[in-house]
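Consider the two complexes below, in which subunit A is the common component and subunit B and subunit C are the respective partners.
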Partner chain A sequence: MSTATAPPVAARPAAAHARRGRRRSGLARRRAVIAWAFMLPLIGVNALVVLGPSLFAVYYSFTDWNGIGGAQWVGLANYAELFGDADFRNALWHNVLWTIFFLVVPMVMGLFGAYALTRIRRFRLVFRVAYFLPYIVASVVTAAIWENLLSPDVGVGRILQVNFLGSQTLALPTVAFVNNWAWWGFLVVVFLAAMQGVSPNLYEAAALDGAGPFRQFWSITLPSIQPTFMFLGLMTIIWSFLSFDYVYILTQGGPAGATDVLSTLLYREAFASLRAGYASAVGIVMALISGLVVAAYLVIRKRKDWAV
Partner chain B sequence: MTTSPTWARAAGRAPARHPVTGRVSSLTYVLLCALLLFALGPLVLFVFSALKTQSELATSPLSFPSTLRWSNFATAWEQANMGAGLLNSVIIVAGTVAGVCVISGCAAYAMARLDLPGSGTFITYLLVTSSLPTQMFLVPLFYLWTTLHLYDSLFGLVVIYWGLFSPFATLLLRSFMMTIPREFEEAARMDGAGELQVLFKVVLPNALPGFLTIALVTALSAYNEFLFAVTFIQDSFLLPVSTTFFTFQQGFTQDYTLIGAAGVIMMLPMLLLFLALQRRFIEGVSASGLGGV
Partner chain C sequence: MIISRRNFLILSGAAALTPVLASCGSGSGGGLQYWGAFQDQQQQDYFKKERVDAFRGSAQVRMTVKPNDTIDQLTQTALAAGTGPDLVLTPGPAQVAAYAGAGYLLPLEQYSQKYGWDSALASWALEASRVDGKLVCLPAGYETMMLIYNPATLEQHGWKVPTNRTEFEAICTEAKAKGLMPVAAGNADWRAASEWWVTFALNHYAGPDAVYSALQGQTPWTDPVFADAINLLSGYYQRGWWGGAVDSYFTNTFPNLYAALASGDAVFMITGSWATSEILPYFGAPAGNDATWDWAPLFPLRDGVPAEVWDLGIGQTLSINAKSANPDAAAEYLNFLETDPKRQAQGIAEASLQPAPVHLSEADFPASVDERLVRLYTKLSNAATIGYTTWTFWPQQTDTDLYTNFDKVITGQLSTQDYLAGLDGVFRNELAARKVPPAPTPTGLAR
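After this line comes the complex of A and B, so read on.
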């Protein structure tokens, strides 16, 4: 095709060729302008709500600012203060524990639930809907459900004589447990969708080779859903560092900082202590952590050649 | 020759007859039912608590209510101000869903059909900004909204939700639009339809299931959202139902039966919507792992 048309094009006068090229590029430019015009609402709202304030957060993190008047440039003072701040280290440590909990407990429940659902024939849809139900309940209601259940006045807490949310040692695991109740069903649904994409031939071949359900899970299911597994692992880490709702609603970081995490620390600094500059620095550190995690993920993904 | 069918039959039967498979599958059902109990048990007990008297809840928190006190719902509705909260939430959800459908519809159309130059880079940008911690821009956004007089306004909260929820909706809708065959549009153009006609008569009707999915996911997120709602709305007449309920629960009431009743009122609309359209809900949320916590 191209060789057949090449000579006439070359033979054409240069001016005509240029004019045609200009018209074509003019048309392409017109198309590009129209396409970007369709993007304007999204770009506008994104710039106003996300990008603009994010850039401002970077600036404010270098200032001393109470949120109302002018901001005073202080350089790296906020960051220097952060690393000496015992509250910050306490909150960061709780985020690390939180991440470990969420990388293990809901992942195991999600993988088990999804794998078990691929192996049964009946009621699969019923189980899936039931597991997913807590995920659609609002965090405020989920928190109330468990506050009522665990309450030392009327609930299981009274029967067991344990004040789950008031105890220094039990409060953090309890809040994580409540958050997990609303979360693991989501993982079942996503893992199940990924597992249903695995070719049944692989399982049949493995069964012929005498592999039992556990062996099949390790050798076929897990490798086949590895991109989904890694992606959800990545999101788990990111979300664990941003977790806010359940801590804020159930304990507000208490008792005595036992459940304080970065987001509740930030919230308190910004809106109770009116230290908006310092709070911005906490936010930037949180963004840097998730940025590092995403970068690590992208490097691994490139090396392993995943499609997700 | 004769061995081949026997071999095939044996292979086909072996897993079904294998004693191990049978035992594992009944154990599987037991464990699945245990998980089912874990997921639904607390919800059921919460509904029970909403129908008890306070003294019954204190003495037997885990039992079926002896008499069903439906009056708890009326009391909770009034004391917690649920009517006003639900109305505000309906306004917020409707505004958010309508705006996100328009914003994401335009953007997805440009990316899937108008050969947007640089769309790959833009997708990366959307992915990156939607994994940014919302807390990072919360503080400057708060002070920006105060200067723009968008603080303490339902419209202000709706605009924030547009910004938060439209990237995910755009990506979902884009991948949906990519699956619609281009031949439909070509055929309409052959018949002399203009570009706008192609958009409204061909592309939009075909993309309707995609729009329904993003509408559901967005409605759920907007209805349940807490952090921005609690930060940006203080006026007690404007509180959406999530913070109305939160205020009631944290307030002076120590009546757990009323908290239960108010909670049931709050979750009922989404529960019914979910049960009616669960397939589309689950599709939308699991379409990518970007559901959000």
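After this line comes the complex of A and C, so read on.
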């Protein structure tokens, strides 16, 4: 009986496999359910505060909406107006200048600052803290300090007889300078972390071959931290198109639009002119620019096989 | 103490629900919710004592204080969510129009008849409080443009308060030659401040009749009379009369300008009546000096414009939330806040509160009040001709363009013709979309 009811010998391992497989798939399903259970609150919050508002912003960019009550569908009218709007072109151009400034000045300062720190043994931590400190100070505090320092009534502006924030030509570089003062220390710390991951053997070998510090920096350090460098470049472009706080605190986009950037234009259109629909279109253009930059980076990253 | 998982969950749920239930309770307990924002603690304390706790109506008022710079956004968000205070405070008619259009505000006609607001409040104020013919708000505070000066500075240089453009320009020319700032002006703290001076130029050069006609859409903003007004004002900037120089204008802060007026480095300030409280820390005992200030009505810039034009602005309005559970009590409280002249005068005297547009006489003020304020508000109550502040009577987008693009005129980026043509185009669109706030005729505060 037992022989008659027993499964064939060849079938036993298969059945055991099937049972183990069922157990494994049950386990996997349970794990997946638990994982999703943990993920759900995050997805819910994300849908509520990121995805939902983003989709609404896309919708409102096609409407005439004052930010209160109902919106009236106007199709592409906001976008058509946008590209004929001198204020938009002016703000976009300032964002381009701002991006170029931040891709060059703080990146170069950050690289050389970090490289200099790798060459010293004493007080390295002190310098790191000193460089990083302005980054953690609230932007409103930093802006207030520099506003007083540069003031044409009591500060450096009075001594040099230059009105930095009142001048049409100097206002934008001045705001960028103040923002950079708080920003470049962050780049130093990130670049330093990347540089500390470079094998010391490479530097020893290069030194034996007679390479000086600059040659070592150019031929070893830079290529070794390229992914970090590129990533920070990407983030710089994105952040540059989102910059708002220093501009708003120091000049509110003035004098006479000399420091207007897309975000201050968006703010003014939404909250002063009560044109939330048009402001949404500005926001969508800003997001598209960032999206294009990220897409370009992903393509390059795939081609170059970067890890970051 | 060990807490089981079940008890922990129950306690957590209860803790999370407590504030929710508490807030529900506070909203539905028959009381009135009022959201206020104040210039300083003294003003807030005064309002709480005299305007909240002192109300003995059919419902108790609970005041929540919000930050001055965010109360408008907070109110907007709350109204959109179908909640918010029973009384809705707004920064002016343009916001009221948007709220009324969205159905957030209760029409006030029945309450106006019940409490006699037609006779208690100035007719211009009620006219400016209508949207599509319906009364939807009451002005909670009104303001006017004025000339502020330091009498000692004028006396020192042998000048008198100007009563016309010729006298004003003569003083400015002389003051500039002496290295003084003729008009203390700047927009570093508030970019929109440029519109104060555009308001001055339009109403006192073009005149209130021309402005009223343009606001009705009968005269274009490109009319030569407006172009001349803007050219005149822009010329004052080019001569360094406004803020010392064009680039200084963009970095002059209000504290520095008040201090310059007190020290005699600046001669005049053309500003709003709100400055009568802001200026106090820079003069006399609080500043440790013996400087004093006084004010005068703004003068005409052209023959044919009335000698005294009072540019009126509405700084705040109050409406009843359409979702209020107790609109009758809200109207009763609104009446309490708005209509008693003595209460308004006391607010001016003791807390520098802007008054509601009721008729004020000298007898309404307490004995302790600053004589300059009595003079200001009694004259204002008897004004024969009113002008139009841009932030009250211009639609929102036109107003924003008006001050942002005026800065481009004074820096030479934009010609006056292009400036006015752009303004006219935006205004026409907003007029067609019925976004222009109603403006009373320039006939004063007649009831």
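Note that the second predicted complex is superposed on the first by the 282 of 308 C-alpha atoms of A that agree within 3 Å, B and C clash if a C-alpha of one lies under 4 Å from a C-alpha of the other, contacts with A are read in each partner's own complex, and residues count from 1 in each chain.
Quick note on the criterion: a residue touches a chain if its C-beta (ideal position, glycine included) is under 8 Å from a C-beta of that chain, and two chains touch if they have at least 3 such contacts.
Fair warning: this is a prediction, and the values are worked out from it, not measured in the lab.
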item	value
Touched partner set for A:Trp181, first subunit B, second subunit C, both or neither	first
Partner chain(s) touched by A:Phe241 [first = subunit B, second = subunit C, both, neither]	first
First (subunit B), second (subunit C), both or neither touched by A:Thr259	neither
Contacts of A:Leu232 with subunit B and subunit C, given as first, second, both or neither	first
Touched partner set for A:Thr63, first subunit B, second subunit C, both or neither	neither
First, second, both or neither for A:Ala207, with subunit B first and subunit C second	first
Partner chain in contact with A:Ala287 - subunit B first, subunit C second, else both or neither	first
Partner chain in contact with A:Asp153 - subunit B first, subunit C second, else both or neither	both
Most subunit A residues touched (candidates subunit B, subunit C)	B
First (subunit B), second (subunit C), both or neither touched by A:Ile249	first
Intersection of subunit A interface sets (partners subunit B, subunit C)	67-68, 151, 153, 271
List of subunit A residues in touch with subunit B within their complex	31-32, 34-36, 38-42, 45-46, 48-54, 56-57, 60, 67-68, 109, 112-113, 116-117, 119-120, 127-141, 143-149, 151, 153-156, 158-159, 179, 181, 183, 185-186, 189-190, 193, 204, 207-208, 212-213, 228, 231-232, 235, 238-239, 241-245, 248-249, 262-263, 266-267, 270-271, 276, 279-280, 282-284, 286-287, 290, 294
Residue ranges of subunit B in contact with subunit A within the complex	11, 14-15, 20-21, 24-25, 28-29, 31-32, 35-36, 38-40, 42-43, 45-46, 49, 54, 57-58, 61-62, 102-104, 106-107, 109-111, 114-117, 122, 128-129, 131-144, 159-160, 162-164, 166-167, 170, 220, 223-224, 226-227, 231, 242-243, 245-246, 249, 254, 256, 259-260, 263, 266-267, 270-271, 274-275, 278, 281-282, 285-286, 289-293
Residues of subunit A defined as touching subunit C within the complex	66-70, 87, 151-153, 163, 165-168, 251-257, 268, 271-275
Residues of subunit C defined as touching subunit A within the complex	73, 76, 79-80, 94-95, 98-99, 101-104, 187-188, 191-192, 246-251, 256, 396-397, 400-401, 404, 407-408, 410-411, 413
